[in-house]
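Same chain, two partners: subunit A is paired with subunit B first, then with subunit C.
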Partner chain A sequence: MKTLRLMTVGGVIAYRALFNWTTPGMFVGTLLVGPLFQLLFFAYLGRQLQVADDRFYIVGNAVLTASLACVFGGTMAVANERRFGTLGHVLLSPRSRTAIFWGRVLPYAGNGLLIAVVTLSVGAALLGLRIPLDAVPGLFLAMAAGSLACGFFGLTLGALGLRFRDVWVVSNVSVALLLLLTGVNVPAGNLPGWMVTVGHYLPITHAAEAARRLAAGDGLAAAAPALGQELLVGAGYAVAAVVLLKIFEVESRRRASLDAL
Partner chain B sequence: MNVLRLLVVGTLLHIKQISRSPFEIAITLIVPIVQATLAVYLFRAGGEQHRLLEAAVGAGVMGVWSSVLFGSGGAIQGQRWMGTLEMIMLAPRRPVLVILPITIATGLTGIYALLATLVWGRFLYGIRLDFAHPAAFVVASVVCVIALGMFGLLLAATFVLMRNANALANTLEYPVWLVSGMLVPITVLPSWTGPIAAILPTTWGARALREATSGGPVWPSVGICLGISLLCLALGGLALTHVERRARAAATLALA
Partner chain C sequence: MGSDNAIEAHDLRRTYKARTGWLKPKRTEVEAVRGVTFTVGRGELFGLLGPNGAGKTTTIKMLNTLLIPTSGTARVCGFDVEKETRDVRRRIGYVFGGDRGLYDRLSALDNLRYFAELYGVAPRDQKRRIAELLELVGLSGREGERVEGYSRGMRQRLHIARGLLHSPDVLFLDEPSIGVDPVAARELRRTVSDLASTGTTVLLTTHYMAEADELCDRIAVIADGQIQALGTPAELRHRADGRRVVEVEAYGVPESAVDALRGLPGVRETAVEARGALQLLTVHSDAHVDVQGDVLRELAGIRLGRVDSREPTLEDAYVAIVSAA
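Then we have the complex of A and B:
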């Protein structure tokens, strides 16, 4: 119970302190309006090129929009501690590092889920996409799985912030690469094999696939394998983040570079 | 002549400054290439192989806009954070003449995106650089970059008045890519976007480059792009003078 409290309360406090985009203007502009235009951009491009139908772009991009809050949030969760000079205090805590940092992912994943739901709802309304009502719970599940996997992916990138000086480069490039490699905007069949392979190990790829199946009315059973794969990818990044944080923490202590920017 | 020298030296100074930032270099180096790759695969998937050069140019212009939007939008705030805003505002010149080189520098830095996407397309995807009007393409590129720099001045002057300017900058990237027809033709968009597109210099800059690439009357688009940008320069200059006077009177120049 104490660990659960540490994860949830600690996560929420860290979210309020470290996430740069919590003011209403920043939240709406950066996390709601920006992603919606991203969806519209690719939906209209897809329409013009006739690569795939509206459902492909609306559902795929809605799932992908969670990545913005999750990837940058995960990075901020570690990098901003360092920037504000509070990382040492966190690492001095006698509590489990794993619980502390995994807990930080939860608010970002929730945030990502909210963005994905809003983007899908508004995008579908604007472009006239009808989603079967019985697909809604499954879609919610797919977007939650994608957000969680993306949150752990962001935390892994944040861990790199303990080693590299400018971790924002990594976050920005990663977000751009997710556009290309997750098959959200270019169908996997039109991408080179190596890009598809890399995409399988990235968050969102499987969640987007599951969400598309659900939106097409295929049912939860058809989407379950992809959902499972997404959760597996998320679990992989959760472990990777903790391992990297441990390695870089030990190295930072040894080199006395913990707070060096 | 002194004004021209000030603009040239100022622009060079700020280009050097931007080019020393590992963040700027990495972002300008990698993100446009990812976008160009995405555009190439999308156009190929849509059976539009003959338009790959157009796609590469479009992705490049998107990179120029991103550079101007984030660079110019944060130009004054950046000087403020570095503690140099008071010094440049103390210069015995109009504010527009000391801020314009910063915004033009962001546009010129952004031209890397255009070059990078073309080189990337040529060597990796074998896209032949068969421009319909090669000379006009070069002229249109230079005009487009300078024009966006002037538009950037208006953004810089406007953004400084807003507490959440970063939010607006983050919001404006995709809408301008979309409405300006950089990759998506304006004709497939809802008709109400037409008037918005018509007053944006990005629309005419992108159109000039597209016409120079695949054929069409380049010079009217170049002219309109330059005309709108000069209007932006005038408005930006007025706004900057207003902002400077207000900040001096309220003693808030250095306050974020």
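Then we have the complex of A and C:
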């Protein structure tokens, strides 16, 4: 119960303390309006090039919009501790590191889910896409899975921030890679094989696939394998983040490699 | 070492290794702490005094588990700082000086709520404990304001409140009054003194002699990574016995004149402290040698202010100890 409280209450307070885009202007502008224009850009480009239909771009980009909040949020959840000089006080906590840092991902995943839902709703309304009503719960699940996986992916990058000061470069590149490698805007069949392989190990790829199947009316059973793969990818990054955090914490004690305080 | 000790450090050493460059990497090693041994009794207020770079903060970071000693051992409340980190962390609080170390976007209340979670304060106790601490450090009524608007003194008090959230047995205070104005520093000292009177063991690092003198039961003077002297303030003061101190306020003293003062018969140490345009020259000499006349002769032609000859203070003893290191 105490651990659950640390993850939820602690996670929300940490979100308010460490996330840079919590003000209404920043939140709406950066996380809602910007991604919506990105969706429209790719949808109109797709129409022009006749690569795929509107549903392909709207659903894929809606799932992808979660990545901005989740990747950068997950990174901020660790890397911003350096900025405030609070890392040492966090490391002095006797509580479980796993609970502390996994808990920090939850608000960002919720954030990503909200953004994905808003983007899908507005994008579909603007471009006239009809989504079957019975697909909505499944779509919600797919976007939640994508957001959670993305949050843990961001946390893994944040953990790298304990070792490398310029982790924001990695986050920026990662967001660009997600745009390219997840098959959201370029169908996987048109990508080189190695890119498809890398994409399989990135968040969003499988969530976007599941969401497309659901939006096409294929049903949850057809989307379940992709949904499961997305959750597996997310679990992999969750474990990777905790392992990296542990390694860098031990290393910091041994080699004084962290400017902890 | 007996169980009456809250802190036991034995021959602690810490070496920092750094590597710069990729093609031709250059490795450097700095021995920050070189064999520090001391104990702090339960409920004692112990001072670790030394100049910048003496090894105070490194020593504290080894004791509070943030750094592993290169060699040597240390126990806090009976637990090994290297292996039993969780047990140590449950029992210690850590406060350091400076503006950083708090979440600026959050209020003081939310900062304390978050660290109460991190430090395992039971949910049912959090509200009462936070209110008590805000009262203790004089931030009641201001707890809802964002920390980014706090003065340095207020931040320091919030640091102390945070360090006490889980009622630690041992509190490490690492230069808590650095950069704080005199009034706020006095309030901080009062808070620290009150803490010690409630039975909390306090290890205080500072380079303010008066602060250590006023607060500490015992003081260890550390310089060059080693403890140079250890005792009560009165015992340390005796280190300057047999000396006399001449203080001269002057303007524009050249280095050659200072060197000349150092060469005077009977002079043991000479220090220069810049205070804006003013320089304060402190000349330690053997008590039986009156060097004031010689000092003024060497400073002939230089604009002088106050000249004073006096008995040595604890600060003079500290200067003598550190100079001898």
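Rule of thumb we're sticking to: the second predicted complex is superposed on the first by the 259 of 261 C-alpha atoms of A that agree within 3 Å, B and C clash if a C-alpha of one lies under 4 Å from a C-alpha of the other, contacts with A are read in each partner's own complex, and residues count from 1 in each chain.
Throughout what follows, a contact is a pair of C-beta atoms (placed from the backbone, for glycine too) under 8 Å apart; a residue touches a chain by one contact, two chains touch by 3 or more.
Since this is a predicted model, take the numbers as computed values, not measurements.
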Checklist entry - Would subunit B and subunit C fit next to each other on subunit A once aligned, or clash? => result fit
Checklist entry - Which holds for A:L4: it touches subunit B only (first), subunit C only (second), both, or neither? => result neither
Next on the checklist: Is A:V239 touching anything from subunit B or subunit C once the two structures are fitted on A? First, second, both or neither.
Outcome noted: neither
Item to check | Touching partner for A:R254 - first (subunit B), second (subunit C), both, neither | outcome: second
Checklist entry - So, does A:F37 touch the first partner subunit B, the second partner subunit C, both, or neither? => result first
Next on the checklist: For the superposed arrangement, I'd like the angle with vertex at the C-alpha centre of subunit A and ends at subunit B and subunit C, nearest 10 degrees.
Outcome noted: 90
Checklist entry - So, does A:I13 touch the first partner subunit B, the second partner subunit C, both, or neither? => result second
Next on the checklist: If we overlay the two complexes on their shared chain A, which of subunit B and subunit C does A:H89 touch? Say first, second, both or neither.
Outcome noted: second
Checklist outcome for this item: Superposition result for subunit B with subunit C: lowest C-alpha separation, Å, rounded to 13
Next on the checklist: Output the subunit A positions appearing in both contact lists, the one against subunit B and the one against subunit C.
Outcome noted: none
Item to check | subunit A partner contacts - residues on subunit B that touch it in the complex | outcome: 22-23, 26-27, 30-31, 34-35, 37-38, 41-46, 48, 163-164, 166-168, 170-171, 173-175, 177-178, 183-185, 188-189
Checklist outcome for this item: Given the complex, residues on subunit C that touch subunit A span 16-17, 64-68, 86, 89-90, 92, 94, 96, 98, 100-106, 110-111, 113-115, 117-120, 123, 162
Item to check | Residue ranges of subunit A in contact with subunit B within the complex | outcome: 21, 23, 25-26, 28-30, 33-34, 37-38, 40-41, 44-51, 165-166, 168-169, 172-173, 176-177, 179-180, 185-187, 190-191
Checklist entry - For the complex, which residues does subunit A have touching subunit C? => result 2, 5-6, 9-10, 13-14, 16-18, 22, 84-86, 88-95, 100, 252-256, 260-261
